[in-house]
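One chain, subunit A, appears in both complexes that follow, with subunit B as partner in the first and subunit C in the second.
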Partner chain A sequence: MIRVVLTRFAWTLVILLGVSFVAFMLMRALPGDFAIAAAGSQSVSPEVLDAIRRDLGLDRPLLEQYFLWLGHALTGDLGRSFVTKQPVLSELPARFVVTFQLTLIAAIIAMTMGIATGLASARMRGRTDWFVRIYNGLILAVPNFVVATLIVLLAGLYFPQLSIFNYTPFLSDPIANLGSLLLPAFSLALAVSVTISENTRAAVLEISSQDFVMVARAKGLLPRTVLRNYLVRNALTPIITVTGLQVASLLGGSILVETIFAIPGMGQYLFDSINSRDYPVIQAIVVLAASVVILVNMLVDIAYARVDARVKA
Partner chain B sequence: MSDPTLILRVRNLTARIATRKEEIHAVRGISFDIAAGEAVGFVGESGCGKSVTARAIMRLAPEGTSIALGGSVDFMGQDLLQLDEKAMRDLRGRRIAMVFQDPMTSLNPVMTIGSQIDDIVRRHTELRGRAIRQRTVELLNLVGIPNPERRADNHPHQFSGGMRQRVLIAIAISCDPDLLIADEPTTALDVTVQAQILRLLMRLREERGMSLMLITHDFGVVAGMVERVNVMYRGEIVESGSVERVFAEPAHEYTRALLHAVPRLDTAGRVL
Partner chain C sequence: MLKTPSSTTAGPSFDDAYDLSRRNLLRLGLMGGAMLVGPSFAVAAGGPSETPVAGGTLTIGADADPIGLDPTTVTAFSSYDFTGLIYTGLLRWTADMKIEPDLTVSYERPDDKTYVFKLREGVKFHNGQDFTAEDVKYTFDRILDPATASKLRAQYSGIKAVTVLDPRTVKFELKTTDAAFLNYLATNPDGAIVPKGVENLSTQPVGTGPFVFESYQPNQQFTLTANPNYYEKGLPFLSKVVFKFYKDQATLSSALRSKAIDMTWLKDPKVAALMAKTSPDLVSAPGQTSRTFPIWLNMKAKPLDDIRVRRALSLATDRKACLDTVLGGSGKIGAMIPESQVGGYDGVGEMPYYKHDAAAAKKLLAEAGYPDGIDLGNYIVVAANPLDVACAQILHQQWQAAGITVKLTPMETAPLLNLWSTGGWPTLLSVALSWTPDADAIFQYVKSDSKFGTAMGIADPQLDKLITEARADVDPASRAAKNLQIQRHIAENAYVIQTYQYPLRWEIWWNYAKGYMPLAANIRSFVRTTWVKK
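What follows is the complex of A and B.
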């Protein structure tokens, strides 16, 4: 058991190192850099740009820059934002909490909607099945940002009292906070819920034809008992898997949704930082997001073992 | 019902399975009786309609198929084909129980053995709370599972095929059914385990005075187990009578072919 945990931990470190390295190199591969972005449309002399770069250490060889960053990161110092000159760690936690809330609510909405429609589709078949599948197809075909934009537009047109762009922090008013996150979370959840729905449907259909379901019916068990203990409990493993995999796409989607709905979360922060080439911030967010995805995958593995006794450690 | 000793009286039973492509006439008007406490064998080659007949009596259609049933299935004075689904559910597992062919796939992999017996006991008896588990342990003991208290908390994957079939038999007899339908209960098992399971079924039938409908494609299995045998061929019963009679002087050509195709149990040992 301890061996398993240690191996996993070692792997996690290797993955995070890889992610941070790739992110570092990709950022520098983008055209332009912080100095140019900061100068904006003003015409600044090359000497000034070089001075800014020297000041931030951007003139050194790439590998040296990376290992400098890594050395600091390992001691818990993620550097300062080029833009605000504040430590990255002074801003990031608050941003992270907002995104955490948003993705958590989105995950709950996606699972509820996905499992419910998937179940209905598989159990009732016929017209319900048709309807769910056409709906799923449509949502999958339309990009996330179109849906989010539509929701913003429609809500703005028909429900102007829903102040969608007024993000309220959790601590100042939890109810208003929830209210301001509901629509963004919904648009974030839509695509994911469809994936969960399709997978739930397939899993339940597959399990319906298993012998043990016939045995359960031959026992005279009530349909709801068969559904809960025989169908859903067996379908849970694939459902947990897709949901776990979708956490990464929820985080990715939050960049878009936070930008569209003006929510001061990590996604919006990342978007702004990429625009201004604020390397330390980007680097920190990427590593944090990767850690979250890895952590969720571990939780999924633990959940497996709880749902299905055949899976151990 | 005219004859009070009859428990099941099937008349002109038909079953048509509608698939997307075609309609299969799987059971073509069969009639038979099973008396109280009697064991009746159903023998026939693969695909002749034995399982469909068994499921027709239980009114169980495989998921995603629709089966149109005709004729009558008179079970202790009630025509099962006329019952509504709710009445049928109350009857399944309690008055008529079934043991299936493949014990490896017939148990829910994510539930413990014990809870898969608990649920039928809870469904059909007045027992509640700890009394349910007591009954479950009793049943496991009855079908010959050692350490039943501990084994009840195991999952199916911790049981061998023979042990799983014992569990499925425990489930089937849990509510003291009047009729037990065993659909090829030993086909998927090793020869030595087959004999054990058949002996267990015989013992339970005698102890409880249940009627047994034993389905098999193997005349050898039927020989020592039942009084009467029905031979099925392409959805029809082509011959029926006492085991001795059918063995000694098979009337139908198909029965003769079947008897030749299957090594007799007493000679099978010598061949090995």
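What follows is the complex of A and C.
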């Protein structure tokens, strides 16, 4: 077991290293840099731009810049934001907590809605199935930023009393904080819930035609018991897989949703930093997001073992 | 009603200021009509009977974070909103874009190249330090020091020396006569004075302005508090100004609608017009036009090195149609410099090759050797600006009617700017030109030896001479005539195809925020006279 964990850990490091390198090179490959982005359409002389670059070390060879960054990163120094001149580490944790909250709420909403509609669809069939599948098809076709923008516009017009434009930090008012995250989380969760719903439906349908389910029914177990102990439990494996995979898309979706709802999370921070070519921040967020995705995948593996006896060995 | 200044509403503070400006008027008699230091100072109070209420918070929605708060080193446009409230300069703009004294009580021009400023008494920086002539000298010495790498160095390169005559008097000597000089001084952050010997202004700004920096949480909130020692007595009325950041325009307008913010500016005039219709209590005052939408041509190579092709492009452009469709008419037809500048184009005067005429365009193309029309390839526009893209789409159709085909290529802002400044774009590229303190700054884009002039491939000694002469002309009327002549020259040669001009942003606020006026000069200077009465 220890060996397994250690190998995994080693692989994780290699992956993170790779991710950081690719992200670094991709950002530098994008035309335009911080000096240009900051000056905008104003006429700024090339000497001034060069001085800004020199000041930030952007005039050095790319590989040297990368290894400088890596060296600092390994000692826990992720550099300073070009824009705010503050250490990245002083800002990032707070941002991460916000995104974590948002994705957690979104994941809960998505799983609740997805599993409920998927189960209903698979068990009741008929008209319910029809309705759920049309609904799923529709929602799947609408990107989360459209939902988010619609919510923002409609709320602004008809429910100005909703405090969706005033993000409240958790520590200053937990209730208001949850309130301000609910709608954003909902718009983030919608598409994910559809994926979960479809997968739940497929898994339950597949399992309900298996022999052991027929046996369970034949021996006279209550439908409720069959559902809970045989159907749902066995359908959980694919559902967990899907949910785990969707964490990455939740993180990706948070970029748009946080930007639209003006939530000071990691996604909005990334969006801003890419626009202004704030390399140290981009680098830190990409590595952090990659770590989260890897971690979630590990958790998914562990969860398999919990719900499926066959994986335990 | 917001536009008509009334001097009757003023309390003692305004009288005081009015006296100052009257004295100035006498001294400035020799300066010609440019220095209309009028009672426009006494701000329209949203009705003659209303008395300003002190206290209260104004919440402003902003769409971009500042990048640094040191006026000398800042390069980002998004910072100006903040430097504009924290710092002040020797001079400032009035609401109708005239210059008036700010940190000075008066100034004189003993000869064409020398300016002597008499400074205000008893002004303190936010850190308690006294404001003296030494700070003025320090500010400009720092700008001119190459090690500072200030973007402002280029525009102040005409300064020969700044001398402290006594703690209240400072003398500027210029190398040449420079009509742009005072305009730069009046602009924030270009003319903002920083305290001598204070470091880290970029993150801990210290100015003389009406508001003091309190705190900043990136992407969330920027908080300013009233400066208790501000030199205009009784001002500011507000005790706090809070900026909240909303990067998405839809969110920004919804936040205004729900009164999460009291004031903002929008990028799209049609959205602003719709917003204003949703409630009679919303005030939308666009202010003077300050921005143009030009098409930059790469004239270094075929086919745009041929003046006939360029003129055909200008003739094929129906500027009025763009204006009506994209801006819903809230703007004017544009030439090189917007109306808010000296000699700016008024949108109706005669300009060569401005009259839309597809047949004439076709004829010119045939003469140039393209009887079957011409394919100009990629027309690059800023993808993030819907107005730009919309205008480009209309241009695309208009040009098609004259046999000119282009392929619209929306591009991310940073790489586009990169292409523009290095001259790497194939044929056509559009970046809107924002307000600049002086018309000369805009003409610099088309001067043969400038970065952008070289990028486009302009080589026109006559144009260069005209531009240099105009900048040296301190008489506003004759300078305006020269500027107009330069614009005609540019249109005549179709170096740049200008379409329309419009206000920088469409400002909009709830009418419980009173005493506010939009300023064409980029910043919200008049927050200092705003009060809130909910």
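The rule is simple: the second predicted complex is superposed on the first by the 312 of 313 C-alpha atoms of A that agree within 3 Å, B and C clash if a C-alpha of one lies under 4 Å from a C-alpha of the other, contacts with A are read in each partner's own complex, and residues count from 1 in each chain.
To be clear about the criterion, contacts are C-beta pairs under 8 Å (C-beta built on N, C-alpha and C of every residue); 3 or more make two chains touch, one makes a residue touch a chain.
Here the structure is a predicted model, which is why all the values come from computation and not from measurement.
In the model built by aligning both structures on subunit A, subunit B fits alongside subunit C without clashing. Looking at the superposition, the partner that touches the larger set of subunit A residues, subunit B or subunit C, turns out to be C. Once the two complexes are overlaid on the shared chain, A:39 sits against subunit C while remaining clear of subunit B. In the superposition on chain A, contact of A:259 is made with subunit C only, not with subunit B. Rounded in steps of 10, the angle subunit B-subunit A-subunit C defined by Cα centres in the superposition reads 160°. In the superposition on chain A, contact is made by A:220 with subunit B only, not with subunit C. Taken over all C-alpha pairs, subunit B and subunit C come no nearer than 48 Å in the superposed arrangement. Note for the complex: subunit A touches subunit B at residues 205, 208-222, 225, 229-230, 233-234, 236, 307-310.
Considering their complex, residues 65, 67-68, 75-77, 146, 149-151, 153-154, 202-203, 216-220, 244-248, 250-251, 253-261, 278, 412-419, 421, 431-434, 436, 441, 444-445, 450-452 of subunit C touch subunit A. On the side of subunit A, the complex with subunit C involves touching residues 30-33, 35-48, 51-52, 55, 81-86, 91, 149, 152-153, 155-157, 159-167, 259-262, 264, 268-269, 271-272, 275-277.
Touching subunit A in their complex are the following residues of subunit B: 58, 60, 62-64, 89-94, 97-98, 100, 102, 105-112, 119-120, 123-124, 155, 157, 168, 171.
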